[in-house]
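Each chain gets a letter, A, B, C, D and E, in the order it is written, and its residues are counted from 1.
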Amino acid sequence: MAKHIEVRDLNIYYGSFRAVRDVSMTIHPCAITALIGPSGCGKSTYLRALNRMHELVPAARVEGEVVMDDQDLYAPGMDPVEVRKHVGMVFQRPNPFPTMSVYDNVAAGLRLNHGRMRKSEMDGIVEESLRGANLWEEVKDRLDKPGSGLSGGQQQRLCIARAIAVKPDVLLMDEPCSALDPISTHAIEDLMAELKENYTIVIVTHNMQQAARVSNYTGFFNIGGTGEPGELVEIDETPKIFSTPAHTSTEEYISGRFG
Amino acid sequence: GAANEQNSAGDGSGLSGTLDGAGASSQEAAQQAWRAAFSDKHPDLTINYAPIGSGGGRERFVSGATDFGGTDAALEGEELSGAKERCGGLVELPVYVSPVAVAFNLDGVDELKLRPATIAKIFDQKITQWNDPEIVETNPDVELPDTQITPVNRSDESGTTENFVDYLSTAAPEAWPHEVSGNWPVPGGEAAKGTSGVKNAIDAGQGTIGYLDASQVGELGTVAVGVGEEFVSYSPEAAAKVLDVSERKENQGEHVFAYDLARDTQSSGTYPIVLVSYGMACTDYDDSETGKLVRSYFEYLLSEEGQQKAAEAAGSAPISQGLRQKLRPAVEAIGSGG
Amino acid sequence: MTKTGQNTVQGPSTYKRPADRIFRGITTGAGVLILLVLAGVAVFLLAEAWPAFTAPASEIPGEGGLVVYIWPLVFGTLLAATLALVVAAPLAVLIALFITHYAPRRIAQFLGYVIDLLAAVPSIIYGLWGFTVLAPATLAPTGWLADNLGFVPLFAGPASTTGRTMFTTVLVLAVMILPIITAVIREAFLQTPKLYEEASLALGATRLEMIRMAVLPFGRSSILSGSMLGLGRALGETMAVAIVLSASGGVTFNLISSGNPATIAANIALEFPESSGVAIDTLIASGLVLFAITLIVNMIARAVINRRTDLSGAS
Amino acid sequence: MSTPTETRPTSADTEPPRDRTRLVRGSLPRWAPWATLAGAALLAAVPTVVATGFSLIFFALCLALCYVAGIFLWSRSVEGTRKAADRAFTAVVTSAFALALTPLVSVVITVVSKGVQRFDTEFFTHSMRGVVGAGGGAYHAIVGTLITSGLATLMSVPIGLCTAIYLVEYGRGRLARGITFFVDVMTGIPSIVAGLFAYALFTLVFGPGTVNGFSGAIALSVLMIPIVVRSSEEMIKIVPDDLREAAFALGTPKWKVILRVVLPTAVAGISTGVTLAVARVVGETAPLLIAAGTTASTNFNPFSGQMATLSVFSYYEYASPGVPPEPYLERAWTAALTLMAIVMVLNLLARSFSLLFAPKTRS
Amino acid sequence: MAKHIEVRDLNIYYGSFRAVRDVSMTIHPCAITALIGPSGCGKSTYLRALNRMHELVPAARVEGEVVMDDQDLYAPGMDPVEVRKHVGMVFQRPNPFPTMSVYDNVAAGLRLNHGRMRKSEMDGIVEESLRGANLWEEVKDRLDKPGSGLSGGQQQRLCIARAIAVKPDVLLMDEPCSALDPISTHAIEDLMAELKENYTIVIVTHNMQQAARVSNYTGFFNIGGTGEPGELVEIDETPKIFSTPAHTSTEEYISGRFG
């Protein structure tokens, strides 16, 4: 079931360095929200805060609220594991488990969340996920080979397949198509379009065309200057952002006249 | 350098250099006392004694690796001929005599009188209760509990074991059917490493009994051993007497004083369970200076003062005046080239 | 496009620059040197043990011949070392996990240091500690075991009155090998790339599941290596066993009585000082056997490791 | 919003039916672990008192067992199997650590309480030369220990590290497999055999009776090398290939890649391994007695004359004490305490050394 | 000095699997050659063979010739280190050295290869390289912080700076802009245009516009089918490829009507 997410006054710190400042936004269910912005402005940092992933970075710290269907993910007593079960994630750097085969990589999440499952059923979901990520044809003969022997783009698609196999309510994707050729990119975009019928999707992308093509909402992050925290400049419906943005910096960034 | 080594200005005693010895660990405490006192007199002289054990001591001495050696068992066979080859003339002398006490841990009991055969049966695990009639018979005044006896023996091969077993098999041959060697022959008892190990094991258990160097007995109860019709408690004097009543082995060499100890002696006031440890030296050294050093050292350890020092530091039995006289010529032969 | 020639280059290239060649030479030399040292040890053992193999049975201590002499020792060695490893290895994995993934970050490093402290204790001290502290503490439990679980061969009893049993020895050995196993595993766990931990957590894994998916597979080789180091140490440990174990019996699985088989290393330490002649050769022969045991144990371990190397890989 | 008609593929034994709309399913209150601990303590007290009187170790074991079981069952009924397993495992891991601390604390207390008596200036400034009974110190043995283990470290670390590098970076084929295998075998050499080997070697080369600090160091090296190789090998192995590639792509020769990129990345693990190896040999007795001998005087020259070491000193003070034994035993314990202190200092040094190079992950 | 590279009949294997078949091409000096093609077709594999990087993958093997200014890189006796000194590389996955600070990462190549160098000179090169990679402004205040604490795009630019700091004759770049925003991408493209005055550059990219924009020559790789090796379909001047390709598959791929 797609979720509605309400972010309020989110501040994220690495030690004493504030990486993201005062972000408030609404993430709509059954829609794709794209986040764009220059490199280093805190998009990944922000995205990781949405499923409490930053907790793995020793000095990282989050202030503010992320309310998902009336529940604050950062409320005391919230279980990050439960949060992450509902909010899946594809990382910027592909990270298939090197000790697992291609098949096991995809099945990893299923094995966790569904305990025993019939082999045939599992096979079905694995194939479906790999097809969704447009990887099936390339790996169907070597499902039992290690996932680290794939090409860069293949690894990225493998990670996408792994994330969608567990069917999370919210899917966070950090530059999912960065290492992909146009064909695979297209396939992934199709997949996203299909997924958004039932899920909430947030993607980070550097590709304006992609943002314009697939997303319903677009948020623009920017950074004040060196050492300054990144902040959300504006977020609105995609056509609006790309045609008549409220801020000049947005317009400059989109049109490439920036910096 | 160490604070206590800085005043080695040399006070003209004339002796300097290093002497290396190795051998029986039973002598370690005594050797420590000897070399301390001796190097006090001769600050430029360093004497080392590595307590690597009698086997190693003999081997190193025979191979020429050490200047002198210590051993709990006299040289025999190949080793004897090897030593003679190395040395020209071998000098082997008893330097250290120590009573071996039979000690036990039994609440409220300080001393027991036991006959050799009884001791043998206890250690052979034939007598298993403290209130066994055989024990009660010799100790009518002692209240013996109905506790199980746990015999404690050395787990390592040792001169102490060899001497104790030798005593049992000589003094109570019917009750002790086992071969004599440095290894404890009876399986299943409590075995502990070294004198300290045995002491601790006896301390730790209840109803334990074992044998160990008398100097380390501490608070434990001890056995007065049956000799003839009387019972003799261990004491240095009683122990030293054994050597006086024992026979020197024949045909071993002019300066070899190895003894067949008279464990079954009936002679009054003699404590028969003793460990005799020998010192080994040569008449010929490649370096006559070394010979001189060894001779002075051995002269010192067989002097009255030397024996007294060992008695204080290691609890050994000083060798009697008479015996020391007998050993004199042999000491003088060390490093003499004859 | 003319085919002027085909070169096949495979693996490390044929050309090596001098500095590289020297460096490679040095490292290879170090490896070969180790083999030489080991060959030296083996030759030494063989040469010194040879008389024991040829000597008549009656000259071997105990007069039963070499096999009769060494067999209980082999049994004791294997029993003590295996049980110690069985106790220590899982514990080491858990401790390494605690330090790397459970303890608060601030004190984790300090805790690692604390466990390393266990390695700083000389083996004699372990012996004395086992003797004076641990052994008395085992009296009650072993007594209980003998009374209530006596039908299990391991606890057949009668329970020792001093506690200097195989049971105590195993515990002491386990404590001794714990730090080295833990250290090797801990360092490997620390190096687990965050990437993979994040990957599993993002799938909704609990900490335990993350450990099973990302940490353990990554550290598998180190767990085995660490355990092998620990086992080696347990097999060869001398002084602590010599002091703690009441080695006065033959082959028995009974862990709690005072009659226990000695271990090879401890037996050498116990017998060597006062031995001479064939007795020494026999002891060295037992050392050779220990050498062979280590060899076989490692062969088996290698076989286990190699069975599943295709799916491991660090990068 | 679970609709009764919808049948999801969740089996009852793994989780209670999953309500997709709620994030927080039943979860234990925050005080749950403490409550469980208290309950477990009560429960554990019963068998402890009944079966064994009162033994702290037994009680701790029962407590751990009860706690793990208790928290698992409670959590399972409220939070589901996975969460319960996680909680139980946390408890297991924590009690394993506590369990490992028990002997440590006990050993340290034993050594410190017995060793502190003679932990005085005299002990660190005097040798045993000319000392009988009380007094004296271990100056000579401390010097000897530092020299022999220092030499052993100087020999073993380069050899061991180089071998580890060879195995990971160069080793292919028979030689490498052979070395890996025999290094493992080497870990099982009993220490006394190493001592005998060094003694035999020196007798062969320098004539009978060559017992000196260097010979002792050789014996220790035989024991140290395999530990250094094994632990360094593991640490070098887990350096990601990515980094090697990055360095190679800069046109860096392999040896520099290894020295400048691989080793610094692995240095923390390597120095831990080296300290453990040192700790392992510094307390050895038998090989040192045989190969390095013992003496009551200070000897600074490892190539001539016997050399006392702390462990040997400690052992023989303990094993063949004089009369009365107390001063000997006190010296033995203090020597052991000193030995531990030395290893601790080494450990600290190694840690600060590795901090100099360690990955700069924290800013 | 820019180099001319002649590749003849190159076959690359991973164990028994042939990843790239019979590639022959000319790489012109002082020009940018772009390689495009679907994911998994062997572009990275091929690129890595140009500076003998594949030798680090245990089972990888190369047959054929790569002649650089009359010298076959694979001739017996060729020193791969020497080859790599002349042929620099930026990897698909950013890999800064975790033990080194940002500064040291950039200086690494210099330090490792050029021995001592004056501090001021070194500082100059580091700054120049970071400016070239458009990273200077973002990191100038934290040159002594670890390189692994940067954002994905920052890491990628750091790796570019590291590679250009040593001024190789040939620069191989595997999707150098995949994680970069348009601004940084633009800066990197400028950098490439500048570098090509003196160097030979080969880039792999999934971005057709980029290939069309920056490159002088474009090579199209394709794969026959699952398990088939990748091969070079055609290579020609960029305008030619994008306007009138010789093969239909090229045209289909470029226009996105592929697969």
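Note that in this section a residue touches a chain if its C-beta (ideal position, glycine included) is under 8 Å from a C-beta of that chain, and two chains touch if they have at least 3 such contacts.
Worth saying up front: this structure is predicted, and the values here are computed from it rather than measured.
Graph distance from chain A to chain B, where chains that touch are one step apart, equals 2. Listed here as common contacts of chain C and chain E: A, D.
When chain pairs are compared by contacting C-beta pairs, C-D ranks highest. Distance between Cα centroids is largest for the pairing of chain A with B. Mean C-alpha position of chain A lies 28 Å from that of chain E. Chain centres here are Cα averages; for chain C and chain D they lie 13 Å apart. Inter-chain spacing, taken between the CA centroids of chain B and chain D, is 40 Å. Centre-to-centre separation between chain D and chain E, using Cα means, comes to 46 Å.
Of all residues in chain D, those that touch two or more other chains are 82-83, 86, 240-242, 253-254, 318, 361-363.
Chain contacts: chain A has residues 14, 58, 81-82, 86, 93, 112 touching two or more partner chains.
Residues of chain B in contact with at least two other chains: 25, 52, 56.
Listed by label, the pairs of touching chains are A-C, A-D, A-E, B-C, B-D, C-D, C-E, D-E. Residue ranges on chain B touching chain C, taken from their complex, read 24-25, 52-56, 58-59, 72, 78-79, 148, 150, 153, 155-159, 181-184, 186-193, 197, 200-201, 204-208. On the side of chain A, the complex with chain C involves touching residues 51, 53, 56-58, 80-82, 84-86, 88-89, 91, 93, 95-101, 108-109, 112-113, 146, 148, 159, 162-163, 166, 168.
Across the interface of their complex, chain E is touched by residues 14, 36-40, 42, 44-45, 92-94, 137-138, 140-141, 149-154, 157, 174-175, 178-186, 206, 208, 226-227, 253, 256, 258-259 of chain A. Considering their complex, residues 122, 125-133, 136-137, 139-140, 203, 208-211, 289-290, 293-298, 305-306, 316, 318-323, 325, 328 of chain D touch chain B. On the side of chain C, the complex with chain D involves touching residues 11-12, 17, 19-20, 22-24, 26-35, 37-38, 40-41, 44-45, 48, 91, 94-95, 97-99, 102-103, 109, 111, 113-126, 128-129, 132-134, 137, 140-141, 144, 175, 178-180, 182-184, 186-188, 190-191, 193, 206-209, 218, 221-222, 225-226, 228-229, 231-233, 235-239, 264-265, 268-269, 272, 284, 287, 290-291, 293-295, 297-299, 301-302, 314-315.
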